[in-house]
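Chain IDs A, B, C and D follow the sequence of writing; residue 1 opens each chain.
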Amino acid sequence: MIICIILLPIIAGILVPLLPFHKRCHKEIFLEGAVILNSILVWYLLLHHSESTFLLAHFTGDLNISFRVDGMSMVFAGLVSGLWPFATLYAFEYMTKEKHENSFFLFYTMTYGVTLGIAFAANLLTMYFFYELLTLVTVPLVMHTLTREAVLASRKYLYYSLGGAAFAFIGLIMVIVYGNTTDFILGGVLDLAKIGDRTNVLLLIYVMAFMGFGVKAAVCPFNSWLPQAGVAPTPVTALLHAVAVVKSGAFAIIRLTYYSFGTEFLRGTWAQTTVMIVVMFTIVYGCSRAVKETHIKRRLAYSTISNLSYILFGAVIMTPLGLTGAITHLVFHAVMKISSFFCAGAIMHQTDKRYVHELNGLGYRMPCVFGIFTISALALMGVPGLAGFISKWNLAQAAVDSQNPLAYGGIACLLISALLTAIYMLSIVVRAFFPGKDFDDSSLQDAHDPNWKMLLPLFVFTVFIILFGIHSQSIVNFFYDVAAGVY
Amino acid sequence: MYPILLPILFPILAGLCLLVYRKDLERKLLTGITGSCLVITGALVISVLALAKKSLILFYLTETLPIYFQIDEISVIFSVLTVVVFVCAGFFAFAYMKHEQKEKRYYGFYLIAFGVLNGLCFAGNLITFYLFFELLTLSSFPLVLHTGTREAIMAGLKYLFYSLCGAYASLYGIYFLYRHCDTLTFTAGGILQASPASPDGRFLLLVAFLMILGFGVKAGMFPMHAWLPTAHPAAPAPASAALSAVIVKAGVLALIRVIYYIFGADFLRGSWVQTAWLTLALVTVFMGSMLAYREPVLKKRLAYSTVSQLSYILFGLAVMDQDAFMGGLLHVLAHGFIKGTLFLIAGAIIFTTGKTRVDELHGIGKEMPLTMWCYTIVSLGLIGIPPTGGFVSKWYLAIGGLAGDIGIFRYIGPAVLLISALLTAGYLLPLTIRGFFPGADYDYNALQKREPARLMTIPILFMTILSVLIGLFPNIITDYLTKFVSSLL
Amino acid sequence: MDFVCNFPFFSILISLFSGTICSILPEKAAKAVNRIVIAAVGVMSGILLLYLLGTGESFVYWMGHFPAPWGNEIRAGVLEAGMALFFCIIMYLSMAGGAHKLFDEVEESKHNLYYILINLLLSSLLALVYTNDMFTAYVFVEINTISACGLIMIRQVGRTIEAAVRYMIMSLLGSGLFLFGLCIMYDLTGHLLMSNIKESVALLIQNGEYQIPLIVSVTLMCIGLCIKSALFPFHAWLPDAYGYSTVSSAAILSSLVSKGYIFLLIKIIYRVIGFDIFNSTRIIDVLFVFGLMGMIFGSLSAIKENDIRRMIAYSSVAQIGYIYMGFGMGTQAGMVASVFHILSHAATKSLLFIAAIGLTEVSGGSRKFIDLTGAGYRNKWAGVAFTAGSLSMVGVPLFSGFISKLLFAQAAVQVEGKMLATLIVLGISTVLNAIYFMKTVIRIYATTGDTSYPCITFKDMKVHAIVLIFFILLNIILGVNSQPIVNMIEQGLAMFA
Amino acid sequence: MGPNLWINYGEAVAAILFCIGFTNLLLQTNLIKKIIGLNIMDSAIYLFLAEKGYIAGRTAPIVTDGVTNVEAYINPIPSGLVLTGIVVSVSVSALMLSLTIRLYIRYHSLDLDEIAAQLKKEGR
């Protein structure tokens, strides 16, 4: 079942250039059908999962490629499979203006499978495998436009990701050697007897592995690939570089921290302090860069950098509550950020405007898009009643609860970042809706809201932002159970 | 079903409808709708205060965090103030906004802000309060930048970011409070268990200070007061009135709620936080008056005055004494009515003459006698001359200050208040003097009566009368409050 | 003794004699003979491997039935047979993949010569693999050098001749040192057969006699072989030699010739000096450091390189650094990793060379990166193959490179003092590998590029494409199904002792 | 090792010669001189081997006058090795010389650096 779920999108993707579609809409129906079918299968699996591990192949020694459904994978797979059909729908409309559609959908759909592979991986090796694969299938997407800029961006993306994976690999080795198993077990698998007096070395390796996986999660100083990768078509930037790819970096770090090294081993050590400082710095750094940036998508990308570090901040608190906060933000941020990216994409698609200062007065021409953008902006800022508040609340509570003075500082970073978020998001909103007294909107006559294929995903995401904001109880409880290892 | 929600949701929804409705309305229809909405809301508020059930849990944000509404005496005072000022300033706006663009947008946000303020007054726990606090910022900054000049937009953004900055600083505190309290429901006397001497307590003191600073931003407390003199002049006059009379009071309300209902006065009394708070409040009082004294532009002068007067209230709160607290509450009402009136008058002057600077306004009293009489009366009130509202409140503040257990501030406080009162006279009365006694070289032939429209004068008059009434019959309010104030302290 | 035991001897002999025969045959026939010989040797090695796996013991074959210590011996264990088989596979594929280029680049009259050299090379490699006699090893080292030199200069361009001269000089320095070390060893022990020397060395160590000459001897032999296999500071000859010779030569040189020397070094370590004795010397530390430096500096040079073939050549320097790093760890696990990397690198590097030639062909014969833009679209198979090879080099799971990295890292963890250095350098080197290989991959897929170059379809290059597919498969087999191979290596190393 | 060195002066000389040859092969830029260095190096090794195999008072291991007594002859194996080595050395030298000739024909120079410079000028 799991293997079928992972392979279905990959095969569907490969079929896209091979099958002879007479009309574009046939292709759309085929792809959307495949994606929806897969999502349904994923949800079916999540709701009827069993504890057993599915072994695909032996690698070497006792290393194997195997899959399992546990709490974290339920969260991540559920998230990804929830977003993908909408993103695909959006992509159909968006890609009408771009070239090489087939190769785009080929890799776009394949990525779905690979991401699910990361989600369902039962051990570190399997996750590492899909993690590398994810880099490879997404590079063509970044490179898609084949402009010089895109080529440079994809090159950078590759260097960073593969380089990061190389260091993450070292962590993998440590777990193989010093752990009882590479399987993910909440609480860690390290064998303290084997470690002996090598604790510090192991901590160093943890920090290295953290930074290695952190490359995908755009931890400072390894974040510059993300804004550059914004040259990709918006569906890619939105889904992959705000959700699937970068979140798998965060996901991997959570796996590494909670399920492999174990928080017992790490909590209170200098390693925790180090990574926490890095993460806190990234939170503020990403936001301040976003404030400076005038390109809309790059601005959002910097915002993603900062928000990813929120997740990591939750993760490095290294308590169940911290993990709850991290998971909450992982899910909620995905919805918020994809929504705002899709708005940016809709703006680019409809008006070809890419810079913040070009947006004056557009709010009246595209009220739906900008209305939704405003809501996602408010959510990102953390206004109560929207999703962002809940996740920040959980993160902050975890930090307060941890009794770690550094984490108190982390909360301050969160709030500084919230303020900066307000600055960079609301300045867009203000421009769009309050263009100024003497603004002449005759130049915007052609701009209007996009059609339903773009708006439907936006509306759905908005509904979820509000829904999560006002009724988070059950879902956060579920996350808490995940963090406590119930599933 | 949930009557307590009506005064909150009704104006918000009405405002949203106005905003979302894409076509332009005819002006009469627009003002008609808005006016009736305002009146209905006012009526709703009053009836809710009088009749409805006093508390409601709407739903749970997280497991232990409900959106919770509760009406107590503080809510009553603030919501009465809100209703009066908003209705008056709203009607004033129908005349004032005639020549502005995009009136619909203004009224839309105005109504939303009204609803949000009601929500703020009724909020029964810190999270609900915080929710409406944020919403208030977001719904009121469009009022500030309404005119759409570059200056106004920058002022609006400045207001927005200052307020958010403050809100986030407070949020930091909320995070910690939640951990140390079982619930965040407002309870008279505070709910904090920890003692200030414990390590947690020491950190909580820091948190308290941070929250005072944070909420103090809205209340224009030094050092985060800079948005006030920028935002007020840039906004249309009715908006300034609402802003200065009510919206900045949200900061005061916030501090009351946090200090007296969460931390509890006992927790802070005698700590370094109280000292710091007192210092800041007094610095602001003095500084605001000085700056106002030196300021030539009328609306800006009034804005600085607001800075100063608000810190009177904060001083009253910081003393943590029954009388001072009472004085603070009284001053909330008095200053609200007075400053609202002053801004409306300033708006009326700008609307009719187009002049903004005080030294341009020679003989204005001859031209607009009714308006200027009102100006003079409320000015005297603000200075604190009996029998106006300001006198009573300042009296209580001074008594409280003298009686309070605040060390050296017992003497400094009242002294600063007095000096500031002098300065208040110094910056408010020149307009009266110039207006009524323009001097020998005034050309009486050019004089023309140009009393503003009824829609403007009636609200001004109404609020002037109210401010005087407070001064004449303070007992009604003090009696109402005494019992509850003693329960707080 | 079973008949199978004759196979090592047969395969050396066949390849040696077929070389001579090739010189009088017409070109086509020579080619056929060459292929058949390689295939036959491969099959024989395969059978031998199966046989050895069955018996689980190595055997010694007396040449001319003279018993030790007088006679010359051949010794075959699992590792030897496996290596021989692997060498044959790589050689066959490289020959097939580079065949068409051979016609373009080499004069018609010299084709026969090329097959002779290949056969000679094969025989010398096999001899290096199988022999149990140090002096025989020396002789075949020289034969190997001569034939390799021939392979380089068979393409008669100024550069290749110069490269050949340089290669020759370095090789001669190396073999001179090796011979000198060998003589000292002979002086000390009085034996030339590996097993006998080992006994004597153990005795010397036990008695504490002649420590310094022993170390000198081992050092000289090590340095000699390091020079010949282009370990980092001795790699100057390599880029030209690999970069300009005809493609089959480059593939064979990089993946087989240097590996032959390394294999000889392994044999010396295990069978002549003794693993533990070798590890107790400082030599391994030196090897370790040079290995690490090679990994870094080789990659750095490769990043600077602007010529795809030379870049791949520099990458070899880095990969050889990996192997020596494995030696330098001084553990069984490190050795296993190194041997696995010999296989993995051989499979990958020849794949890269052959794929690169496919890419340059569709770019007007230029190997400059700027001309390669979009070559991946013009020659799809070569593009895919190059990508696969690059990924393997970078160490992406599924490919062989990942497993060798895994083994290296696992081995490193067991060595207390060298763990951190190894792991960090491994990480950095992976990053550097990613930089230059991925740069190329992105380049060949960047834009459609210059459309004036022809596109090549599967029909135009059937053989080439099939060879590439085989190489990729080989790589993936090594990557996915590594456990049996690792077991085999472990078994083989155990047989050495 | 000091006194040993004196006793084994033959080996010492061989080692010195080896170094001379080695240095020449490595550092000379002139190809012919390099080849000479190579030959010196090889000869040094043969000297070493011969020295090792020699036993004072005995003759070369060629059966003369039907004396088959082992005691009469020196150790034959080093001599065999020397012979093999010479064969190898000759072939290698020949190859090197032929390469040198080719280079000389092409570039009219025996200096490796100069050839390298010319190659660079050629550009490929």
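Following the convention adopted for this analysis, contacts are C-beta pairs under 8 Å (C-beta built on N, C-alpha and C of every residue); 3 or more make two chains touch, one makes a residue touch a chain.
Model, not experiment: these values are computed from the prediction.
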Problem set entry | If a chain touches chain B and chain D alike, it appears here | none
Problem set entry | Distance between chain centroids, defined by C-alpha means - chain A, chain D (Å) | 68
Problem set entry | Length of the line joining the C-alpha centres of chain C and chain D, rounded to whole Å | 27
For this session: Can you check how far apart chain A and chain C are, centre to centre, with Cα atoms defining each centre and the answer in Å?
Result: 43
For this session: Pick one for the touching-chains graph, please: line, ring, star, complete, other.
Result: line
Exercise. Name the touching chain pairs, would you?
Worked result: A-B, A-C, C-D
Exercise. What residues of chain B sit close enough to touch chain A in their complex?
Worked result: 20, 22, 59-63, 65, 101, 127, 130-131, 134-135, 138, 142, 145, 147-150, 153, 156-157, 160-161, 164-165, 168-169, 171-172, 175-176, 178-179, 203
For this session: Mind listing the chain A positions that touch chain C in their complex?
Result: 57-61, 63, 125, 128-129, 132-133, 136, 139-140, 143, 146, 151, 154-155, 158-159, 162-163, 165-167, 169-170, 173-174, 176-178, 201, 204-205, 208, 212
Exercise. What part of chain A is in contact with chain B in the complex they form?
Worked result: 367, 378, 381-385, 389-390, 393-394, 396-397, 399-401, 408, 411-412, 415-416, 418-419, 422-423, 426-427, 430, 433-437, 439, 469-473, 476-477
For this session: Mind listing the chain C positions that touch chain A in their complex?
Result: 391, 394-398, 403, 405-407, 409-410, 412-414, 419-420, 423-424, 426-428, 430-431, 434-435, 438-439, 441-442, 445-448, 480, 482-483, 486
Problem set entry | Residue numbers on chain D that touch chain C, as the complex places them | 1, 11, 18, 21-22, 25-26, 31, 34, 38, 41-42, 44-45, 48-49, 52, 77-78, 81, 84-85, 88, 91-92, 95-96, 99-100, 102-103, 106-107, 112, 115-116, 118-119, 122, 124
